[in-house]
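Presented sequentially are two complexes of chain A, the first with chain B as partner and the second with chain C.
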Partner chain A sequence: MTTTTAPTKEPVRGATPGAAREPRRRTGRIRRIGLPYLLLLPALLLELLVHLIPMVIGVVMSFKELTQIYISNWNTAPWAGFGNYKLSVDFDAPVGEALLHSFYVTVAFTLLSVGLCWLIGTAAAIFMQETFAGRGLLRALFLIPYALPVYAAVITWVFMFQHDNGLVNHVLHDQLHLTDKRSFWLIGDNSFYALLTVSVWKGWPFAFLIVMAGLQNIPKELYEAAALDGAGMLQQIRRITLPSLRAVNQVLILVLFLWTFNDFNTPYVLFGKAAPESADLISVHIYQASFVTWNFGTGSAMSVLLLLFLLVVTGVYLVLTSRGRRTSDV
Partner chain B sequence: MRRIRAAAVGAVTLSLALAATACGGGSSNSGGSNDSPKTLTYWASNQGASIAIDKKVLQPELDKFQQQTGIKVKLEVVPWSDLLNRILTATTSGQGPDVLNIGNTWSASLQATGALLPWDSKNFAKIGGKDRFVDSALGSTGAEGKDPAAVPLYSMAYALYYNKKIFADAGISQPPATWDELIADGKKIKAKGKSVLGAEGANVSENIHHVFVFAKQHGADFFSSDGKPNFTDPKVVDAVKQYVDLMAKDKVIPTGDAEYAQNQSVSDFAKGKQAMLLWQSAAANLKSQGMSDSDYGIAPVPVQSGTPGTGAQTNSMVAGINIAVFKNSHNLDGATKFVKFMTSDDEQKILNTAYTSIPPVKAAQEDAQFNSASNSVLKNTLATSAAALPQVASESQFETAVGTAVKDLFADAAAGHAVTTDSVKAALEKAQQQMPAA
Partner chain C sequence: MSESPLAVRAPGSLKARAAARPVKSPMAPPTSFLWARRIFLTLLTGFVLIPVYVMISSSLKPLADVTGQFRWIPSGLTIRPYIDIWSTVPLARYFGNSLIVAGAATVSSVVIAVFAAYAVSRYNFRGKRVFTVTVLSTQMFPGILFLLPLFLIYVNIGQATGIALFGSRGGLILTYLTFSLPFSIWMLIGYFDSVPRDLDEAALVDGCGPLGALFRVVVPAAIPGIVAVAVYAFMTAWGEVLFASVMTNDATRTLAVGLQGYSTLNDVYWNQIMAASLVVSVPVVAGFLLLQRYLVAGLTAGAVK
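So, the complex of A and B:
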């Protein structure tokens, strides 16, 4: 690489005034090649500092027995080898079993939430493509859940889901008489649906926003041509809109997946430190396994496992989707 | 060229310096010193109705301390929801306050981290000796056989708060002294359309406080004498079941309370919707919600036999706040002086009056202020029938595991599922498995 780039740059260097040619040639070359790296160095170091070091520390922690007895001086914490990992993935023992349960809950929750967010967001974006009075207002209105601070939004839902005075029970039970008695939403099995509702409510405006932006890039002519050929609304969506949105959707779904899977704020504000079993998302579960029980080693090991899982999923997803694109391009 | 190089070198140096300082923050495990004798940082827990009220109560006292000693105390009132996390972070980084308040049930857990200054006889001598404090309060300052990790500051106890008007309407002449009486009274109260007893079913700590007392009343303990979890002891199971049955079988706790975790039961009581409440030092809280002192009475929490005492007649945990010194404070002498000031007779009277708690200092307790009818119930409870929560290093895990189990049992009861001895035992077994192996 260097041998090919050096000669091309030679004339430039020759043009610099006052440069002594022969003796300083070699050092000059090193300096010339080195300079870009030198300039990159601060950025690299900062990247290391803010990005990699915390991750490395997290990984190191996962191999230590970092309980309350050692947190005031990490260096004294004994190495645990793979002990923390063994504990986390021993699915016959209570800790591993609970983690696996939490993992299943999280996968089910994420798939449903991402699916619904995408569906609602896309549907809304397509409807909003038509020009009509009040379209701008509606678009802005749709984005409000996304713009609200998470805590304020979710705590409002907590009030609405309350058993005795909540709006949800008032509508479902008192007004519509759909249930024979008031239901609990924040404890017990229903909490899964409460969590899903809030998550979708909070997440779909993002899908809406991104799909809306993607729609602007589809040429109107395509629809006109399709209409002339006799394609109906659904056909147009299936044959034109969705294929054109492919690239956008790919990124959108990946991002939504990662956000939802890792979401901590929503379940934490809804349920507090101890989430009901049916809504025990993995992020809160890990928080409970480390912060609440003061065992940071196990918590870190679970986090590293989660990181690995998400890396694999992301990698497989990217490989699959890009292969799909390549074959479709041919 | 030269300028670019200079800029590059500058940038590199800067980032290196940044890296070095950022990494330097880690565990400075050096012990304490007296490097900065003129200032102290104090983390107070939120004792009043709001953080603003706490500042108003504490600031004049801190000014007084500054006048006496010349040491300026920087006050930060930390909400309960953050306090333990903040302390853990401070412990981990080694950068914390000099003096701090801790919930007394955390004493043994925090003691195990080694971050707090042990109160050996030498340190106790500096604040006037161990004998100045009430025994029950000292029982909640760390594991047995070790030097206490903290010093008692405010003491509180559970009592039965009852609404006088609802009791009169229902024809109940005196507050229940046994659980059977309470359940019988409940029927009369429900006939008048009021709910009977409040509970914070989704609040993990509240659950622990109650099931701990019920376990005592059944003659059982959550931990064996050598500190091992013993949650599936049949007596413990019965105790937890009796508490949950107040909702599931006896129907005195309304099912809606199963999801309460933000003191909604106190509001229900203050609003006159509910006849009784089991709470610690609720007076200030009730007042701030508009319930006047004359509207409610205070009685000891019921026990199985009707007469509170020790052992199976225990009717409260020793609730309270301890004050502790961070071991690597840069003003150890000042910190000790501050603890001495806060636990002095005069300050104890002022602060405990403001927070409607009971002073853990014997001399301060003598004050007439703490002999009113309501305070004497709390004082008697603390002196004769309160027991300290298990002082074990895994107390915090115990609260989480068992508190969550009780929360889930309440959720079952609220959903109308049967709560049986087997289901209680299964829940407690699961909780026990979550405890650290050590």
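So, the complex of A and C:
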């Protein structure tokens, strides 16, 4: 990546010497050098306002005793030192114990959800690599869960998971007689599986979309050559398709991981403000710690810890998966 | 199925052209593969479509059908829920708010992303790498981390200057447009890179300024990518729940929060909830399915390289 300042795009103007032309040439050069910054300025300002400055403030807040008394004048809140952090990671006390539990639930949920999304998405994309009758229609149908607004999709699942009038209990209990009595899906231990189902249903089409796009970049000559050499279908998938998707998968799995780990919308619509313990994802947990108990300092400390964890995981992941590969240029 | 004419016409996007061409293996796949495909795709179609069926069929059921045991086949069809949804909660107002917020966020996000991506794609300047890495890494932040500070910033800006960002549509537009910005910039950089530089250099020689080259040459050539980015931005804004639930009030509430009004009432009118869900989904799903070709072409040329 080069970071030189010389713009080469504009045709060089005639360099006639003369004092009268000097100011105009200088503004021209400033405009040429400044143009890329000018083009970036709106994006930069907005990112600063909505992402970067709030992040810095969030870190500052995490060191403050920020309860609802100080909301409208938050810089007068007393400093708390590492108090909020101590409270968050004291795993013997109720607050820390609940946070740790929520963290474990989130990790298990994320690994399962990302794994299933990737598996289903990749399998579907590979099965649909070649044209067949109805492929276009099927592709459109498969993208519906991704296209539906989260709340509309999840609220439909809430209806399906209802105890008395839901589809899931009707099928499992009334029709297939698999359970002795109707189960509760949105409270208790089952809620974890309910959440996982909805998350996979909603998330796999994205993996499908990305892998499908990635497959289209594999030259078909590779398959022709392999077929001539006598490689079967499975071998072609293992030796050509999957290795060619490596770069795509590296980004896809990271993005899926971060989205799923930070997902707030799905559990929030599925369970409401108070998630059941077995499906207490960390985003909702922190939301509750902040907005239900109005304790922003502790909530911020938890958010910062979450961000640090995600930074470490992302860093380690990128180092591990980039080994042996040329670092890609942004 | 017919291939998208625009994706093929896009000058210079050789990749998009290759993408539009179906990949054919010289050898016919074995029967076992065909059967595996048939079974897998059938099961998957069932998994995907059952909730969609529940949504559509329940929205046409009389109330008795959705309060008692679940029925696959409605006992009778009625369009009553579609009439009642507008009076049970002020759905039209929520709809209007969502349209304004998502529409404005999309337009501004796309315009800003086009400028930024053009700068990164066509110029070398100090800080370029820092910019791209920083913008992309904001994707990683948990929304909850900057929800609290942003909430405080908006409240404090409101008290200091009188500009109401908290509780207003403006604040929500501002927030949402930055959500889609990183991905949009990233995807458009890849897309602009695939537009040959000779084209905009020719435009510069012909006397266009850099912005003229951008709008007369680069943007028209990158229309599929821009459409894809716009679809993504609109969907992001239309479906967001977290910030909408904290940063809106009765007057500015969007569909994401408003739709939950049906289930907090004493009686849960599931047929109305399903009807309302369908009504709010139709614009995005229809738009998405119509434009999904661009999204795939855009991803192929931009993100997945």
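Here is the rule we use: the second predicted complex is superposed on the first by the 278 of 330 C-alpha atoms of A that agree within 3 Å, B and C clash if a C-alpha of one lies under 4 Å from a C-alpha of the other, contacts with A are read in each partner's own complex, and residues count from 1 in each chain.
Just so it is clear, a residue touches a chain if its C-beta (ideal position, glycine included) is under 8 Å from a C-beta of that chain, and two chains touch if they have at least 3 such contacts.
The model shown is predicted, which means the values in this text are computed figures rather than measured ones.
Undergrad: Going by the contact rule stated at the top, is it chain B or chain C that touches a larger number of residues on chain A?
TA: With both complexes superposed on chain A, more residues of chain A are touched by C.
Undergrad: Quick check for you: in the superposed arrangement, does A:A301 touch first (chain B), second (chain C), both or neither?
TA: The answer is neither, since A:A301 touches no partner chain.
Undergrad: Pick one for A:G232: touches chain B only (first), chain C only (second), both, or neither.
TA: Once the two structures are laid over each other on A, A:G232 reaches chain C alone.
Undergrad: Contact-wise, after the overlay, does A:G214 reach chain B, chain C, both or neither (first, second, both, neither)?
TA: A:G214 contacts chain C only, not chain B.
Undergrad: For A:F291 in the superposed arrangement: first (chain B), second (chain C), both or neither?
TA: A:F291 contacts both chain B and chain C.
Undergrad: Touch check for A:L35: first (chain B), second (chain C), both, or neither?
TA: both
Undergrad: Per the contact definition in the header, classify A:L46: touching chain B only (first), chain C only (second), both, or neither.
TA: both
Undergrad: Quick check for you: in the superposed arrangement, does A:V114 touch first (chain B), second (chain C), both or neither?
TA: So A:V114 meets neither chain B nor chain C here.
Undergrad: Quick check on the superposed pair: does A:G58 touch chain B, chain C, both, or neither? Answer first, second, both or neither.
TA: So A:G58 only meets chain C here.
Undergrad: If you stack the two complexes on chain A, which partner ends up touching A:L138: first (chain B), second (chain C), both, or neither?
TA: A:L138 sits against chain C, while chain B stays out of touch.
Undergrad: Touching chain B in one complex and chain C in the other: list those residues of chain A.
TA: The answer is residues 35, 39, 42, 46, 49, 53, 71-72, 74, 162, 164, 291 of chain A.
Undergrad: Where on chain A is chain C touching in the complex?
TA: 1-7, 9-11, 33, 35-37, 39-40, 42-44, 46-47, 49-55, 57-58, 61, 71-72, 74, 120, 123-124, 127-131, 135-153, 155-160, 162, 164-167, 169-170, 174, 201, 209-210, 212-218, 220, 223-224, 227-228, 232-233, 236, 248, 251, 255, 258, 261-262, 264-265, 268-269, 282-283, 286-287, 290-291, 296, 299-300, 303-304, 306-307, 310-311, 314, 330
Undergrad: Where on chain A is chain B touching in the complex?
TA: So the residues of chain A touching chain B come out as 16, 35, 38-39, 41-42, 45-46, 48-49, 53, 67-69, 71-75, 93-95, 98, 162-164, 182, 184, 186-189, 272-274, 276-277, 288, 291-295.
Undergrad: Write out the stretch or stretches of chain C touching chain A in their complex.
TA: Going by the criterion above, the answer is residues 1, 15, 18-19, 22-27, 29-30, 33, 36-37, 40-41, 44-45, 47-52, 54-55, 58, 66-70, 112-113, 115-116, 118-120, 122-129, 131-136, 138-150, 152-153, 155-156, 159, 174-175, 177-178, 181-182, 185, 200-201, 204-205, 210, 235, 238-242, 245-246, 255-256, 259-260, 263, 270, 273-274, 277-278, 280-281, 284-285, 288-289, 292, 295-296, 299-300, 303-305.
Undergrad: Where on chain B does chain A make contact in their complex?
TA: Listed in rising order, the residues of chain B that touch chain A are 1, 4, 8, 11-12, 14-16, 18-19, 22-23, 26-27, 29, 85, 88, 91-92, 94, 109, 112-115, 201-202, 204, 255-256, 258-259, 261, 393, 396-397, 400-401, 403-404, 407-408, 410-412, 414-415, 430, 433-434, 436.
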